[in-house]
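Heads up, there are several structures right after this.
In the two assemblies presented below, chain A is common to both, partnered first by chain B and then by chain C.
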Partner chain A sequence: MSEQTTNPVGKSVPRVDAYDKVTGAAAFTDDLQFGPGLLFGRAVRSPYPHALIKRLDVGPALELRGVKAVVTGADTPGFIGLYLKDRHIFCTDRVRYVGDPVAGVVAASEEIAEEAARRVVVEYEELPAVLDPLQAIQPDAPLLHPDLGSYDVVPFIFPQPGTNISNVFRVRKGDVEGAWAQCDAVVADTYRVPHIQHVPIEPHVAIARWDLSGEVTLWSSTQSPFAQRDLIAHTLGISQGDMRVIGNYIGGGFGSKAGVSMEALAVAMARQVPGRPVKVRMTREEEFYCCFVRQGLVARVKIGGTKEGRILALQVEYYWDAGAYTEYGVNITRAAGYSSTGPYNIPNVKTDSYCLYTNHPVGGPMRGFGMPEIHWSIEQSVDQLAEALAIDPVAFRQRNCVQGGDVIVTGMTMHPHGLSECIERVAQRIDWGKKEVPSAPHKRRGKGVAACWKAPAMPPNPGSEAWVRFNEDATVSVGVGGQELGQGAFTVAAQVAAEALGIPYEWVRIANPVDTKYSPYEWQTVASRITWSMGNAVKAAAEDARRQILEIVARYWDQDPGDLDIRGGEVVSSKSEQSLSLRNLVVYGLPLPDDQGWIGGPIIGRGKFMPTYVTGLDPETGQGARAVVHYTTGAQAAEVEVDLETGRVELLCIAAAYDVGKAINPEQVHAQLEGGVVQGASSALLEALTFQDGRPVNASFVDYRIMTAVDAPQRILTDFVEVPQDDGPWGARGVGEHPMIATAPAIANAIYDALGIRFNDLPLTAEKIYLALQGA
Partner chain B sequence: MLARPGLVSFDYVRARTPGEVVQLLAEHGADARLMMGGTDLLVRIRDGAVRPRLVVDLKHLPGMRDILYQQQAGLTVGAAVTMNQLARHPAVVAHYPLLAQAANSVASYPLRNRATIGGNLCNASPCADTAPPSYVLAGRIVVHGSAGEQEVAIADFFRGPGQTVLQPGQFVTAIRFPPSPAAASGRYLKLGRNKAGDLAIVSVAVLGFPDASAPSGYRFRIALGAVAPVVLRVPAAEEWLAHHPPGAETFARAADLAAAAASPIDDVRASADYRRAMVRTLTRRGLNAVADTIAAPTGSA
Partner chain C sequence: MANHAITVTVNGVKERVDVPSNMTLLEMLRQRLALTGAKNGCGAGECGACTVLLDGEPVNACMVLAAEVDGAAVVTVEGLAQDGQLSAVQQAFVEEGGVQCGFCTPGMLISAHALLQRNPRPTEDEIREALVGNLCRCTGYTRIVRAVQKAAQGGVE
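Presenting the complex of A and B:
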């Protein structure tokens, strides 16, 4: 403990997990050892996008030496899902995507399990498949979930039984029809976003064990230990008290490891072999389409404004290609609806956002939760309208972007925030307005800008809980339920605890791995909510511990606790100028004078946070007092150079600026922004999971290309502003997802500036650009 | 459809002598597969595309990992020489830079530590990076079989995607390259979907050198990868270049001829139209770059 960083909030202290990760000591789920009793599970998966299961014969699999059990849909009749319970753990009568699990084999080795899985006989009757959201919404489209009306669903999701629509979110604000006539320009266009995948460096892995006592333990690479406990326990009839989920470090999640996907398979398999741990892990190929993918989207946008530069009306229809099960994705549709204006103040809005079942892989949460998808259309439409009105895109955004105090699309009053400053900064950093000379005659340069907003998309009441427990030497264990998936959550928790307690940062230890049996509750590590929500809980727990300490010392010194403080790990009195080390007293308490006994004892502080103010929205108009907890806003600007002879786009520079409220750790904020820009740029130029008749054709890194270091923008300039959030710790709000949102449209706008060609469909491959240039 | 989580079991033999290989192949026939770096074979086994009972590792045979260069005889590259070895060998870099460029463009650095030139060629993928340079450098494949050793010109080696002239019981031990023509310059241009690690969707190897017997004073050789079942030489373009003074117009015409000669397919990586157009772009760029460095001819910017 040589370094002593006091008041660490706002300082770029080193990450708490840096040493273990750099040296390889950090344990990931697949590193855990279970001894010779470990069994392995493999899933039998549907080869068809849509079919009925006519016959299932597991006999040939069971005959193979080393096979311990086979589990099928008959063993797991219940439904599972976060917002809409529309999914079986193993299919019962019908498969709905290529990869849908119909059975699971447990065996002594992964190889035997695989061999046995291939021996399970399944006879299917193929059904017509729905492979496009615009097909899915047709009245005569094949119905994927005939029982939609009977599924359990949360109150803010609205399935339409008898259709493929599992949720619809509408906004009716002002008078859109009347507004068009007052517009000096109206533009309309259709945009498409393909499925992409999160491609975490660590594929999904889960190990489950049913003890003979009835306790069930699941070790998984998960963003959501508590949500997995709750959902799996509910579906398999386990008490939450008997279900334990342990989440080690995560090698990247990006949303793919939120909720439950393949983990329930492991638990259902383990039930067949009590006492034996069963490991299930996804191959890279399975990872591409057997867990979650990002939903596809068809967006129809019509937007109009006046020559004074005001956006007057917006009409959007979002058709989400949400895949075979939409248990989680229904809320993406909702978030897209209530954020459908983008970060703009538009008086007249008509939005219809449809969540549509298709026979594609399961659409689920991915970094941005619908926002990168809708901003792809919003931010290009805003540029198109600016051009039609002959107004500079930066000036146009400044004139229309939402301000604190504005009443936004859902009727909620916007809190103070720094979007205008973010737009200004990125424009400045990229020399907006200055034409650049290309590096060669066959190249063209262009600049583009895009703004964005995103609110944590979640139920109204997701809770966070934390504890702070002192050790004898005044080091502190901080218990959290949020997960460290590379984003720096544990470091932020340690900074918050140290700052609130008044002890050096180096004295804090995070109690990990997160274990639902011992760790405090956390809804899920999603939605860019952890710094804000878990941060609040840790702060409250630290303040609780601090209060306990001050009360004891005040009694010991016979002073008022209000005159005492903890600074640098010592209790100090502003009145008597006495000081007292925290060592020992935080466990053993303090002796009363004259050997008359002791006061105090082991210090443990507890804290929680749960937003209590989010209201419902009218299902017909989308209006209500407060749709969300808050929005994080920001902007990006891109400079590109396009090679006219190959179509290849070189990303010369991307500037990004976000209002984070308060940067608890500035270096981590910069790193988040950089990572988001690269992932956003990768989705802009390269990524699409492609299908032929519902079968994925590029489910491997051979043909699903992602950005490498040499493809990344040559310069990434990151920046943040700090307009505090009223209920965030020191004003902080989240920024984990946001850096990915504005990247693709900023690049598309820059390409338009370079070439005069607008691309409506992602990704912007070299081929697509080259062929468009030939057609132009 | 789905790759296996691990490899199915097979027997593995590290061969010590060519004779041992011949014998094993005679004993096991189609059940045996030959392996060098394994970067393709092991993946194909995992994918279930091939299911050998026996894998015979050739890379420890004598001479298989050697690079020999003599000014008179040229270059002999053992079949199990890795891409990183090839890309960094002083003689290759000095006298056959085209080959070094191609080797260095394969996949990623760690894979280049395992992937071999022999494996790259014997897989006979139309997009194999070392194939187009081997064409323009007049490579000869050294084939070992029960009847001993023979040489096959690279142009006669490939039969189609995944197919070569190798007969059961035969295997490749080396690739030989004659000395490069005096003052020759070469370029290997490869287009992937992103800058690093991708397979070629189009690749072009160009070699140019002064030749008094050519009316233009120069000879060029052009080989195209990934745009036909096997690597294509483009005689029409090469002929044109031999008869017309080097320069932008000549090169543009030659590039058009190369594009016309290509017979690409549509697949998940690129469309035929784009591939054909990129043959034109890459050929022209390759010719310009080569012309800039052979004899500094005028008017070829």
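Presenting the complex of A and C:
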């Protein structure tokens, strides 16, 4: 405790978890030791994208020495899902993607489990597969979910029984058809985004144990301990009170570890072997297609504007390749719909966003939750329109970008924010408007810009809870239910608690791992909502504790609590100039004069936060008073150099600026932006999960490349502005997902500037660019 | 499965371990010696999360059989700090924000440590080249590179 950082909000204090993580001490789920009783589970997975299960014989697996149990769909008849309960834990009668789990074996070792999984006999009857969203929406397409109409669903998701459409979100605003005639230019195009994978370096892992007492414990690498508790307990008929989820540090999530994916397999397997922990660990191959993938998208965009530079009308159709189950992905479709204009003020909008079942892996949440996918089309379309109107793309964005007070696409009034300044800053950072000389005659340089917005996509009422508890020496344990997946949530929580209590940052300890039995509630660590929502809960808990302390000391000093404050870990009085250390008093209280008893006692502060103001939207028009809690906005600019002989794109510089409301920890904001830019750049240039007849063919790090230290851009210029959020802690709003959103379209716009070729489909591989250059 | 009785020095401590023929060095470290710092990210030598020093050279521990390291010296991330003091490269990772989720960090640190051993003053390109086998999905590498530069400027190791 040599360092004493008082008032840490706004300061770049080191991470609370850094020491544990550089020494190897930080415990990830796979690091937990369970002793010799540990068993190992392995899933038997479908080799077909779409088939009926005709016969299943687990006998040969059970005969193998060391096999303890085999579980099948007959053991898990219920449905599971976050927004739409459309999947079984193990398939019952039908498989819908290559990798769909049909059985699980439990054995004494991983090797035996693997061998036993091979011995489970499954006979299938192949069905025609749906491998493209435009095929899925055809009236005669094979139906993936004939029982769609009977699934449980939340009220803001609209499945269309008898079709492959599991949700549709529409916007009808103004008069799009009438507006085209008033446009001086209209451009229309189709853009495609492939499935990609989150690729956390830590694969999914879960260990489950059913105690004979009935308590079920799940240790999992999860962004969502509480959602897992709720969903798994619901599906398996366990009381939430008996279902305990423990979430250690997470080795990267990016959405793949949100909700429930493979964790329920471990719980269902463990039910067969009461008292024994069962570990299920995804291989890297399984990680690529057996948990979540990012949804694919076909986007049809038509956009028009006037020669004065106003965007007048937008018509978009989004066809989401949402995969075999859309229990989580249905809300991506919705988010894409209510944000379908991008960060622009467009008076006439017609949007149809369709969530479509296909026989691809399960589409689920991934960093940006639909926004990187739709901005790929929006931000290129805006550039196309600017060009058709002969207006500079930066000036065109400044002219049309949404301002505080504007009524946006859903009818909600936009809060104050700093998008214009973000656009201006990134343009400056790359010397927008200045033509650069290529480094060689066979190379071309270009610059591009893209703006973006994203709101936390979630139910209207996701809650956060926190507690703050003092130790004898006035150090503080802060209980949170949000997860540390690398983004710095624990560090921010510690800063918030210290600031609100008036104690040094170094006195705060985060009570981890998150354990649903002891930790306060948190809906999920998703949606860039933690700094804002959990931050509010921690702040409230700290203020509650502070109030209790001041009341006790005020009574002790016979003063008014309003005259007291806590500064640097001491209670001080502005009236009497007295001061009192927090040590001991925060646990033992204070003695009354003349040995007349004691006051106070152990201090525990509690706090919560839940937005209460989000309204429903009209299902036909998408209009309502307040669609979302807020938007985080920002912009990126890219400068590229393209090699005409190889098609290779070099990312010379990427500038990023976002309005974070308030940077609780400025260096961590920069770190998030850098990481997001590189993940976005990797998705732009390298990444696509590819399939042959529905089978993934590149599910390894050799065949599915992500950016290495050599590939990543060396010049990443990050910046933020701070227009406060009215209900954020010190004005903060989230920025975890956003830096990935604008990267790919900014690069594509820069490539267009360099080559005059527009690329509509991701990724922008050297091969694709080379072939386009040959054709041009 | 045949067992092999091997002797291996891990982080300066001599260990005698019985290992099956098919056990990897990574499994031995994590399961037999409870050294869980080296991580299993792919099991195929592609991600670098399990990087350890084997007789001074960085290797993917998932690609080495435990039986092969008989008589060798292994250093894992747990062996970088001495007497509770972080090594310069560890300290630089803390100060420069080279850590986010922390899963690639043990392997990154070992690769960075090995680089600075053989090249105390690497250029940025040399640092990036040395870390090419260590995948990171969080940081974008910028702060990791900066941390290695800082450790090098400290005249370390």
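In the analysis below, the second predicted complex is superposed on the first by the 776 of 776 C-alpha atoms of A that agree within 3 Å, B and C clash if a C-alpha of one lies under 4 Å from a C-alpha of the other, contacts with A are read in each partner's own complex, and residues count from 1 in each chain.
Throughout what follows, a residue touches a chain if its C-beta (ideal position, glycine included) is under 8 Å from a C-beta of that chain, and two chains touch if they have at least 3 such contacts.
From a predicted model like this one, the values you see are computed outputs, not experimental measurements.
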item: Touching partner for A:252 - first (chain B), second (chain C), both, neither; value: second
item: Partner chain in contact with A:679 - chain B first, chain C second, else both or neither; value: second
item: First (chain B), second (chain C), both or neither touched by A:21; value: second
item: Touched chain A residues, chain B compared with chain C; value: C
item: First, second, both or neither for A:437, with chain B first and chain C second; value: neither
item: Partner chain in contact with A:212 - chain B first, chain C second, else both or neither; value: neither
item: Chain A positions touched by chain B in one structure and by chain C in the second; value: 283-284, 700, 702, 706-710
item: Chain B residues touching chain A - in the complex, by the definition given at the top; value: 1-9, 191-199, 268-271, 273-274, 277-278, 281, 285
item: Contact set on chain C toward chain A in their complex; value: 30, 34-44, 46-47, 49, 76-78, 80-81, 86, 90, 93-95, 97, 99-106, 109, 124, 127-129, 131-145
item: Touching residues on chain A, where the partner in the complex is chain C; value: 14-15, 17-28, 30-31, 33, 198-203, 249-254, 283-284, 485-488, 667-668, 671, 674-679, 700-702, 706-710, 712, 714, 716
item: Contact footprint of chain B on chain A as seen in their complex; value: 42, 45, 47, 98-99, 110-111, 114-115, 281, 283-286, 645-647, 685-686, 690, 695, 697-698, 700, 702-703, 705-711, 765-767, 770-771, 774
